[in-house]
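Next come two complexes built around chain A: one with chain B, the other with chain C.
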Partner chain A sequence: MNTLLKVSNLKVDFMTVRGIVHAVQGVDFSLNRGKTLGIVGESGCGKSVLVKSILRLHEEQKTRCSGNILFEGHNILDLSPREMLAIRGVRASMIFQDPMISLNPILKIGEQIAETFRARRSMTKGQAAEEALRLLKRVGITPAEERYHQYPFELSGGMLQRVVIAIAISLEPEILIADEATTALDMTVQKEILDLLKWLRKEKGMSLIVVTHDFGVVAEMCDSIAVMYAGKIMEYGSARQIFNDPCHPYTRALISSTPSGAKGGKLISIPGAPPELYEPQTGCAFYPRCSQAAERCRESLPAMHSASGNHVFRCERPQ
Partner chain B sequence: MSRRKNNVGTLFTPTVLAASVVFLLILFCTVCAGLLAPYDPEAIDLSSAFSGPSPEHLFGADNIGRDVLSRLLYGGRTSITNALLVVLVSVLGGVPLGLLCGYYGGWLDSLVMRVWDVILSIPALLFGFILVAMLGRGSAASVLALGIAYIPMISRLARNLTSVEKTKTYVTAAKSFGFSDARIIFRQILPNCTSTLFAELTVDIGYAIITLASLSYLGLGVQPPTSDWGMMLQEGLVNLRQMPFLVVAPGIAIVLTIVSLNIVSDGIQAYLDPEQRKLPSFRRYEKKKHK
Partner chain C sequence: MRYLRYILKRLCVFIPLFLIVSLIVFFALRFSGVDPITVMLGERQATPEVMAALRAQYYLDDPLISQYLRWIGNAVTGDFGVDYINHQSVSTLIAQRLPITLGLVILSIVIGTILSVALGVLSSVREGRPTDRTISVAVLILVSVPPFLLAIITLLLLSVFAPSVGFIGAINSVSDYWARIPLPAFVLSLNMVAIVTRVTRSSMIIQLKSQYTSTALAKGLPAKMVIWKHAFRNALIPVLTIVSIFAGTSISGAVLVESVFSLPGLGGLLTQAIKTNNYPIVQSALLVLLLVFLVIGLVTDLIYAAVDPRIRKSGKGITA
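And now, the complex of A and B:
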């Protein structure tokens, strides 16, 4: 079996002061070894919630997860907190959106990398420092010896994201989750970070999950793509299928709202905003913003249809 | 490319410099009381009772002829040591508890914080009385009592700082690397709280000196013939009319210690914060650089 991660019928609810938020509403996908999955969608459609639940990073008292997250046959949702510690960092780890805040502000960056070695590999201080320095060089931080002793505020965003990546790959995880890892960086730096990730994937044979709202990033990185909207996957398929033959109106709208996907050089924005997720939807969540919407879209939840092979979409009126 | 250190500006602004000189001087004098004191602080010499400042007794002598300078030095040693011990007790008890409450929240947090609410509604001095009544008089008991009385404040501060820190992304990130809770609490969150805790602690040292003095003044703290500044205040008060200096001397010592300590602590705070640090003028900086 080549499947590393298999998520089926995953639902994530949050208890909030305004009621229950159904952030993820029954999501299925699988990730093969060495492959890259892109999860695309607007802000607030449940992408981050989805990937955070793979590492169970939600506040447990206020979160309810159901379904299966099978990691090499074990359901992550059933593991004890202690067993979870063995998964995090070692089997799967995560890069967060804003590198400025995902490092501890008052510890030297070298020490922060060394800390993972000391915590998880029980290395001595000296060994850990050596490993950390080697890792700093690997992710392209120069001059590594000097940077080792600097604090996060002394480094640029791109440099910091390299440090975060260094920590995330320090224990050689099988899955690396990049949650909007390039969103806070400017375009040139973004390219460098993506190249670094690609290089790591090739060298380490890691599987990647790339969460983004940017179709450009997905086009560059991913083997398969899941388009998410309002807590559900709207369309899922290989990168080629999604780009060449987008079936869901939302996918098409997203693609034509990016510079590379816009036809005739004109960017088209999608009117309206994603719905709030307090109530379970009765019809298609995209209905109010959809150009193809019909009466029946509002009345019943569209089922998953198959376009070809693995390519599926959730729409009753595809074009 | 050379590494830029953030070494522009100085901790020692004139005020901080003066205050640290004063504080270190006090510390030095009291630590070396044995060497510096001209007399045994408990030696009674009735012939020089109530004598004002003179070459033999620089600060004069008290009602039974004990040398005031010597007593100030030895008393300061007791006062400062005890104050530090009070703070140590409150840190050891309060900080770990506060960190745990802040990080885990839930029933532990509610329970501990409600108990603290009750204790905080009683003034520290009064709470000290209660504990001294239970533990007995004396220096060790009063130190322990005050240390316990200060635990609620420290642990509440640590708890609030922790509950703010734990929502930050670096904590989630640390979790995602698989760090244990203990490691996250003590190695990631605690270092981010230390500068604020440190500020509170220096203030507390000042409070502890005053409150210990009050306890001694009321006869609940150190017991004669040992003496601290509070004790000297108490003894001096009896003879306030004959010789006000017997009250003024330990009073000034207490004030100088606390004020200088607070100025130094504020200075350190300001220095550690790049936004607040006192920076040199452009002209001065450039002149220095060209040298």
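And now, the complex of A and C:
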């Protein structure tokens, strides 16, 4: 109906000196206008690789992408560099984890916003500066006039992340991707940034993709949630379905390992670590760490099962 | 404003540095044990009265420190006195030859920087592809040939393929100058090109992989702007360091290239004066060459600070 983005059977491989990394192994999801999708999983599960391929930010020479990433019927994997310009910043834009390294260290922060207006909106220097200043105020930077002329090393992490957000929304993208946008910040600042994102979503009617390893964050803002493990989506459903009725053992383990998710206040961390992604898996990737594992989990890839409606999960032995 | 303050700070370091260098030049020559009067007289004999008169004329009986002060005091007004043997004005000798050496050094830095930046950036954006490989191989060959060999090979090639190009005689006009300086300057820049291309390439590759480059792409900037305005300006800092090192060594390279291409520069003057122990020329020519060296360092620091706001803020330089 109002689908902005449709990803299907997306695979991303990296050619490295140690071999081929299968970072994303056939992912499907879609995103509707004004909705928020959460992508959750431990670090190293392929979340960043997945969302970066939406903007084609990988080094093309060393990366092999296949499948479809459709914006209004156009597969962005087939677009020319020139056509990609029409996507980046306009259709979708992105905020990264660490604001300290997300900005060019030697350019004034105002200029880092204004340059986009000059390059893409053909504004004059004065118009672009005015627009940039307005944007700085919108994301809550004070005193904006003074900050405009400062360099990234002169601002705090929270301030920088606001600047990064201002930059990302400058061309009013339909989709804003936030990759661990609050992970590097302390708790109070985290909340401020999340509130800012929620406010922007409401005001602009933007769709959000929120990538995080923290279930607390997705609980607050997402309509639907994809749980990712070892390059695959393990469970997908509405936020309510995932929280009230988690079907995959990995989802349940993740929920009980987050402070806000742990029922009865008991935090249980998942033993072990996500696998390296060099070889294609023969069985369930979560099998070695799974409390429900059985012999067949090791032998064959589990299929996607439907729990109810849109709620699906990739496990043969759900509880 | 902050930049102006930075320039002032650097100048405050520059002046004492220059004085220290001049002290070293002066005293190193004075303590070398050669007697100026012997140099002046050469093969001739002289009475003690004549020798005393010469000593007085050159203030050789004054304490060393006042001799130094007289020399450096006059030097800053552009007067280097007269030499021991022909009693010519050292300032005139240097002024005649400086444009050639300076032209070689500056032109070779400019040519070398432009070439290696172009090649290095091209290599980095084509990392791992045929263009990058070709440039790497060319650079590897270039780096392994010593500069004097490059100069001689060029000369041989020219004498075979373009025998009409003249390489001897005086330089009497501006058109002579521009006919004879660029090629030796290019040859002088080749070793620098080899190294600086590599540094530019690796520095650019790091910057192109950095997070802020992704931010710049993600916000919708055209690739050209991301490469030049963002990645390149950040990549410039290590590149500048290596360029400034080469700029310094290109002064000694220039002396060599001058002699291969028979250019009447400071190098020839200096070697001739050293052979004849003609100290007024040696110490003043050295001082001028070292001044060029220091100015290159100063200019590098000023460019650094223009590129990187963090350096402006700290007030520190890289070279001194």
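Here, the second predicted complex is superposed on the first by the 319 of 319 C-alpha atoms of A that agree within 3 Å, B and C clash if a C-alpha of one lies under 4 Å from a C-alpha of the other, contacts with A are read in each partner's own complex, and residues count from 1 in each chain.
Basically, a contact is a pair of C-beta atoms (placed from the backbone, for glycine too) under 8 Å apart; a residue touches a chain by one contact, two chains touch by 3 or more.
Predicted model, so just to flag it, every value in this text is computed and none were measured.
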| item | value |
| --- | --- |
| Fit-or-clash call for chain B and chain C when the two complexes are aligned on chain A | clash |
| Partner chain in contact with A:294 - chain B first, chain C second, else both or neither | neither |
| Which superposed partner A:102 touches (first chain B, second chain C, both, neither) | both |
| Chain B versus chain C as contact partner of A:146, first or second or both or neither | first |
| Partner chain(s) touched by A:273 [first = chain B, second = chain C, both, neither] | neither |
| Chain B versus chain C as contact partner of A:89, first or second or both or neither | both |
| Contacts of A:15 with chain B and chain C, given as first, second, both or neither | neither |
| Chain B/chain C common contact set on chain A | 55, 57, 61, 85, 88-90, 93-94, 96, 98, 101-107, 115-116, 119-120, 164, 167-168, 170-171 |
| Partner chain C, residues of chain A touching it in the complex | 52, 55, 57, 59, 61-62, 81, 85, 88-90, 93-94, 96, 98, 101-107, 115-116, 119-120, 151, 153, 164, 167-168, 170-171 |
| For the chain A and chain B complex, residues of the former touching the latter | 55, 57, 61, 84-90, 93-94, 96, 98, 101-107, 115-116, 119-120, 143, 146, 149-150, 154, 164, 167-168, 170-171 |
| Chain A-touching residues of chain B, taken from the complex the two chains share | 1, 3-4, 6, 106, 168-170, 172-180, 183, 187-188, 191-192 |
| Contact footprint of chain A on chain C as seen in their complex | 127-129, 209-212, 214-223, 225, 229-230, 233-234, 307-310 |
